[in-house]
Amino acid sequence: MDYKEIMAPYQDLPGGIIEAFHAIQKEQSYLTEDAIIAAAELFEIPVKDAYGVATFYSYFSVNSRGRNVIRICESAPCHIAGANEVIAALEKELGIKMGESTPDGKFALEFAECVGQCQATPVITINGKPYGDVNAEKIPAILAEYE
Amino acid sequence: MISVIVNGINVTVPGSYTVMQAAALAGFEIPSLCNHPDLQVQDRCKICVVDINGELKTACTETVAPGMIVKTFTPRVLEEKRKNLKQILRVHPQDCLQCARNQNCELQALSATLGIRSFEHKLLQLPRDTSTPSLIRDQSKCILCGRCVEVCNDIQTVGALEIKDGIVGTVDYRPLGETKCVMCGQCALACPVGAIIENEEIDKFLAAVADPDTVVVTQIAPAVRVAVAEEVGMRTGSLDMLQFVAGLRQLGFDYVFHTNFTADLTILEEGNELLKRLKEGGVLPMLTSCSPGWINFIETFYPEQLDHLSTCKSPQQMFGSLVKTYWAEKQGVDPAKIYSVSIMPCTAKKYEAARPEMNDSGYRDVDLVLTTREVGKLLRMCGIRFKQLEPSNFDSLMGAYTGAGVIFGASGGVMEAALRTVYEVVTGKALADVNFTMVRGIQGIKEAEVDLDGTVVKVAVANSLGSARQLMEQVKAGTSPYHFIEVMCCPGGCIGGGGQPIPSTVADRTRRINAIYEEDARLPLRKSHDNPEVKLLYDDFLQEPLGEKSHKLLHTHYTPKNQ
Amino acid sequence: MANVIIDGIQVSVPDGSTILKAAQVAGVHIPTLCYHPDQAVKANCRICVCEVEGQRLLQAACSQPVWDGMEIKTHSPRVLEARKTILELILAHHPQDCLNCIRNQNCELQDLANEYAIRDNPFEQMVRGLPQDRSTPSIVRDPDKCILCRRCIEACSVFQSVDALGLENRGCQAMVVPSLGKDLLDSPCVMCGQCIHACPVGAIAENEQIDEFLAAVNDPDKIVVTQIAPAVRAAIGEEVGLKTGAMDMNVFVAGLRQVGFDYVLHTNFTADLTILEEGNELLQRLKEGGKLPMFTSCSPGWINFCETYYPDLLDNLSTCKSPQQMFGALVKTYWAEKMGVDPSKIYSVSIMPCTAKKFEASRPEMNDSGYRDVDLVLTTREVGRLFRMAGIDFSRLAPSNFDSWMGAYTGAAVIFGATGGVMEAALRTVYEVVTGKTLEDVNFTFARGMEGIKEAEIDLDGTVVKVAIGHGLANARKLMEQVRAGESPYHFIEIMACPGGCIGGGGQPITKSNAKRAERIQAIYEEDAGLPLRKSHDNPEVKAIYADFLTEPLGDKSHELLHTHYTPKNKKFL
Amino acid sequence: MAEEMRVVLRNYGKIDPLKIEDYINAGGYQALEKARSMSQTDVIEEVRKSGLRGRGGAGFNAGQKWNFAFQAQADQKYVICNADEGEPGTYKDRTIMQGDPHSVLEGMAICGYAIGASKGYIYCRGEYPYVVDLLNQAIDQAREKGVLGDFDIEVRMGAGAYVCGEETALIESIEGHRGEPRFKPPYPPVSGLWGKPTIVNNVETLASVPVILEKGGDWYAGLGAASYPGTKVLTLTGDVVNKTVIEVPTNTTICEVIYDFGGGIAGGKAFKAVQIGGTSGAFIPESLLDTQIDFDSMSAAGASLGSGAVLVMDETRDIVDVVCRIAKFFEHESCGKCAPCREGTMRLHKLMNKLNAGEGSAADIALLNKLGRVMSVACLCGLGQAAPSPVLTTIKHFQPDYNAKLQ
């Protein structure tokens, strides 16, 4: 993957490394070492700083993970609305635990803090797209969208 | 004289010298844990091993011999030292960061010196002994050097601690509070680590300061000033009293007074008591009663001699009962709101303040006792830099004092102060020279005869309980030639108290004594009966020495201890 | 000016001063932990919080500017509760192993724990359980001990522009790590050890090798020989309770004999030799049109830096080995021959102010003597520990002379220990060689002092030579960027990796401030001024070695033993 | 029956957010035009006079803040719209941006004119990629129409860091750094983005500005509570009948919010607690329900208005469990820069976990109190200072819940 090409549109954006990381993750869902090094070169910052940024934000991952990132909100409103049942259902459906990815590399399961859809708790997002009022029954249909 | 070669250097030393002493002369310090300059050779820690003619031996036990070749630092010697140290470290808690002796610990320093980087650690967690209000024993930290045992048995003759089955501990493994311990704290001064320390009560003080409803007052004992300087990196005695007062105000004390005030008062009460006994044929010799470790000692070991004790409370407790009565009344403060803290060189004072009978003011007379060390900790915690502080005066009514009060801090001081007053009271003449030098100094027992216009009074002064025991045996046998005996529990008097800075070697104690007499010599008033605030107290409140109010507030009684 | 009241003490300080500065003026002590006098304010440890009259929040004294009429309490009950609690939090996450920690008795956290009388920590003890990083021969990282003050990061990035250390993750997962979370060896680390000086605790320290030294001493078949670097004497006194510079050189030698060295020689000898080799190399380049500017090559941290960040400029480096390595190559050849000892029995130990020297000595190419040229490098701190272990009372120790053949030196070598010293020493020799005249004043004072970059033009009988001096790698970087851009006006550039030169090296007694470095520099120049010989070419033993062994500067033997080459470091992660 | 008052949400649901014409037809961009006909100081004075206080949580007077930036001398200044709405239970900024993006752009442009900034940034949280698209479209339309004049706006997206709601952390993030707060002072109006004077205002604050310019500061100052005038957009979540977004005058009481607008407790259960202001907000017991929601009244009650999230909990809710969950949130979201927050949030969570598991003691509660007290005054930024609030307020008001779980 030509990371520099993906990041090129942000090259002249002061402080655009976060946007650039978003762009890379759109392509491969996590940030490889090479991607971080490429970003450091492109934005002319030390690698250690690029790495510091990549590991600071919870949307970025420096470890390999599934293509479709499912994030389950567990903030207080979702928590009291039954986020735990949704978590259990997802884990069961995908056969993995929170923080893991499916062996086929299709899904990654992560916790998220509030995603701002609290009118419809509990909420999950997949690749940033929110699904509200989720319950165990709805999960297969939602996942099917990413088959 | 014998010549030996230490690390290739020729030194000639007296034949009695140990290898350790010879090496020091050659310029090599041989570290040790159990060695203490004032105590016997213990030969327990084995850290002082050196190579003597090719053999590894302990430098503290070996005396020099002609032709001896000593190597104090070879890889083999170091390995042996480290091995022996690791043996001690193996069972020692790794809690330096929370230890009362952090950065004043011989074990910590030695570990750094010998470059210990790893060791097998098998901690034996033993319970902490918190059975007395004065001292905390943490058996887990004991390194078995035996220094505390020697002090307790040989110097103080108390015998609360012993070495049995290879363990250094209390007699019969009893909690300290159930032994004959008099809480003098000399063991804490001897301990190289944090195995015996004062019962730290800093947090109680901080809580009182944080409480806006509390009026926090303090009294400073005579021996504190000279030594507290050592706690903040200054020379002994170099801290100006009024800067000390300013520092204490920084810590949060609302009013700062001086135990010297009640020391002067003690002289008037006790001096008159002595005169009365002399005149009316009371029990003699009369014994001083300022030192709570001494009181504990006599209650425990000579209960049948309690009548010899002056009925005067200690200056600390006189102060305690007056601050919540006399001072509260004059100042218009609700005594219930007064939190009375005394700053003492003494661990036994914590016990004294906690005695159930010490509430003649209607409240706890003294709420909290902080030792010099604890105040040192507070001063460091609050970052007090005395040099920058504007001197501040004591608060009035109970802050004035004379040189006679000051010398209470040294062995012989009470006697000297009493003589200054008694002489003038009896003879009606002014003393030509207030210095009674024969009762000064660190030697265990001092005696003198004083001619009071024809009446010769024989007096004795004892410091350390071993010395006291000698005098008490005479008393007990009815052979004591004295009219008046001053006893201070701790070697050197209060300046060597169990709450004083560590180390408190004989050398340190001597320095502090000198500083005490320098202060006395500097003061304009040096006789207790000249103290203007004491005069005021009698005029306004007590009326006369040994009067009714005095009896209620300033005197007490003693009860035999059945250990 | 702002008038403020601190703990009741009134002081007047310039507008914009922080509470901490004002407190310093008032003589009021406020504890700090992340604060470093030569670094930017961080305000992250919060130990220095104080109460400002009328404010609900406590303010960090290091970052909060004062205003006129501000009333500050530095140790009110609220303040003490906060500081104690913060300390308890930090301590509960810090290993409890003072008794075997390299920073025992020289640790800012231990000091604070004592100062705040921390006793029964209410927070449950937790340790991260991270592995130590022993990937380099110079520096050991113990991340469990890190308190996240970030002083090492700043030392590495701002003083040194090395950028080896950074942050990883956030919250209680945050950690200081080498770039990309790798080992130090995989990072751009140049092993200068400035991070060690910055570290308040034992999270970064030198790779301690005292035991290797003791094993050698214990081996009857080994002849343990040492060389002492020029910067060591100025600072070693600090390790044994003496004032900076107060250790007499010959008493120091006597001390070294006490801890087990069989022969005590001096790196100053090869420093003088370096001047002859390097000075002639410079003259040759000037004459024959070699690569200019020429860079000095004594400082291994600087060599690492150049190999890492400026591989394209390696030809500008002088081919001279560092004095340590020249010494190493000669002691097992020339000296062994002179002394008639079997070179395979020589155990060559150098005492260095430097952590990077440990790496340099371990470079595979450093075996021109046919053996490891230098077997072991001990830092000033390690030697200090040896002295303390041996309980030596230096006030009673009789002075002892250096051993001969490689123990003589001049003031020119002594000043190698300070930034600008190599330059000054070179100029003393080059001037006399080129002009054939005797210098009236050997003091090239432009070269001295803590200024980051110093420069001068020297007239060598009509030929004007432009020189520059940089110390601290951030300054080196500035000079290198000029060179890379082809804009460098200089013929000769001296670079020392560490701020202040070797006296501020990563192996020196822990120094928190540049003020201490300046003191050591002064001690260095005082020693130089007191010596009878102050020019390298006047060193009698150097003359002897050329007469007996090397024949001439830049000759064949010199090339075999005293010169080297450099290779670009292929570090993926810069 | 209290009534909604829609000032910020004036166009919400009435116009097509993707049609700038709709906004203009509804009177949009006239305030900007009006502002530009006034002097900068007059604009600032109008905003100051309105009493508008920051709607992000800190409640600082917006006009005063603008004035600091106006006074600061610099070649470049910035306006930043803080759309990093991270408080759990809050989605009002999303609602505003999704429903009426131009009101935000207009507010920013007015601010830009007032302080002398030509560049604006909207820092939108990473959880709202769809809002970023929408904003970019709106900005393109505005550029096309030329309504913004020489004021340019760029949208930047966060990447999952609650702490970036703190203005200096947000600035660090725009600069491409780890989102760690800076120590203050200097405050952003003096030295902010790239060291230049910068105004950071919340979405809701900026969306209020056009109306203030249009109807006058005095008019706005007359709305709601005098000390915190205007309206507040609230989001109702949890065990309330209507989980919805409302806008009410600031003199509305909590009781009215829950029962009049929220329709009371769902499922016919009884009220137990409400947490207002997001996850760092205080837990409020029934006895305090008559408190007005304005900043000062809430502060007096030991609570905060914060972002305006209203999380209602019924009688069945386990307070200790909810607070434990909240403590985990803060452990996860602490940036790790300052010691008391980095270590403290972790300990809050550990201790709450212990209590929640029934393994805690009274000493643990005392320790939580001490830790909370210290964090709230000693941490570097608002995150650490506010993090203990749910713990401290529940220990105070819901002691029985804790006692029930003690060992």
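Points to keep in mind about this one:
So that you can tell them apart, the chains are marked A, B, C and D in the order they are listed, and the count of residues begins at 1 in each.
Throughout what follows, a contact is a pair of C-beta atoms (placed from the backbone, for glycine too) under 8 Å apart; a residue touches a chain by one contact, two chains touch by 3 or more.
Please read these numbers as outputs of a predicted model, since none were measured by experiment.
Chain pairs C-D and A-C differ in how many C-beta pairs are in contact, and the one with more is C-D. Remark: subunit C and subunit D have CA centroids separated by 50 Å (rounded to whole angstrom).
Taking each chain's centre as the average of its CA atoms, subunit A and subunit B sit 67 Å apart. Taking each chain's centre as the average of its CA atoms, subunit A and subunit C sit 45 Å apart. The geometric centre of subunit B is 61 Å away from that of subunit D, both derived from CA atoms. Annotation for subunit D: residues 161, 178, 332-333, 335 touch two or more other chains. Each of residues 78, 81, 167, 169-170 in subunit C touches at least two other chains.
Contacts between chains form some other arrangement here, matching none of path, ring, star or all-to-all.
Subunit D makes touch with subunit A in their complex at residues 85-91, 94, 125-130, 156-162, 173-180, 194, 235, 237-239, 243-245, 275, 279, 309, 311, 313, 317, 322, 325-326, 328-329, 332-333, 335.
Here subunit C touches subunit B in the complex through residues 7-9, 26-31, 74-75, 77-78, 80-81, 91, 94, 96-100, 102, 104-106, 109-111, 113-121, 208, 210, 214-215, 217-218, 258-260, 385, 388-398, going by the rule given at the top.
On subunit D, the positions that touch subunit C within their shared complex are 161, 178, 183, 185, 331-340, 342-347, 350, 363, 367, 370-371, 373-374, 377-380, 385. Contact residues of subunit A toward subunit D in the complex are 14-19, 21-22, 43, 45, 49, 52-53, 56-60, 73-81, 111-121, 125, 128-129.
Looking at the complex, you find that subunit C touches subunit D at residues 41, 43-47, 49, 56-58, 60, 63-65, 78, 81-82, 85-86, 89-90, 92-93, 122-124, 147-148, 167, 169-174.
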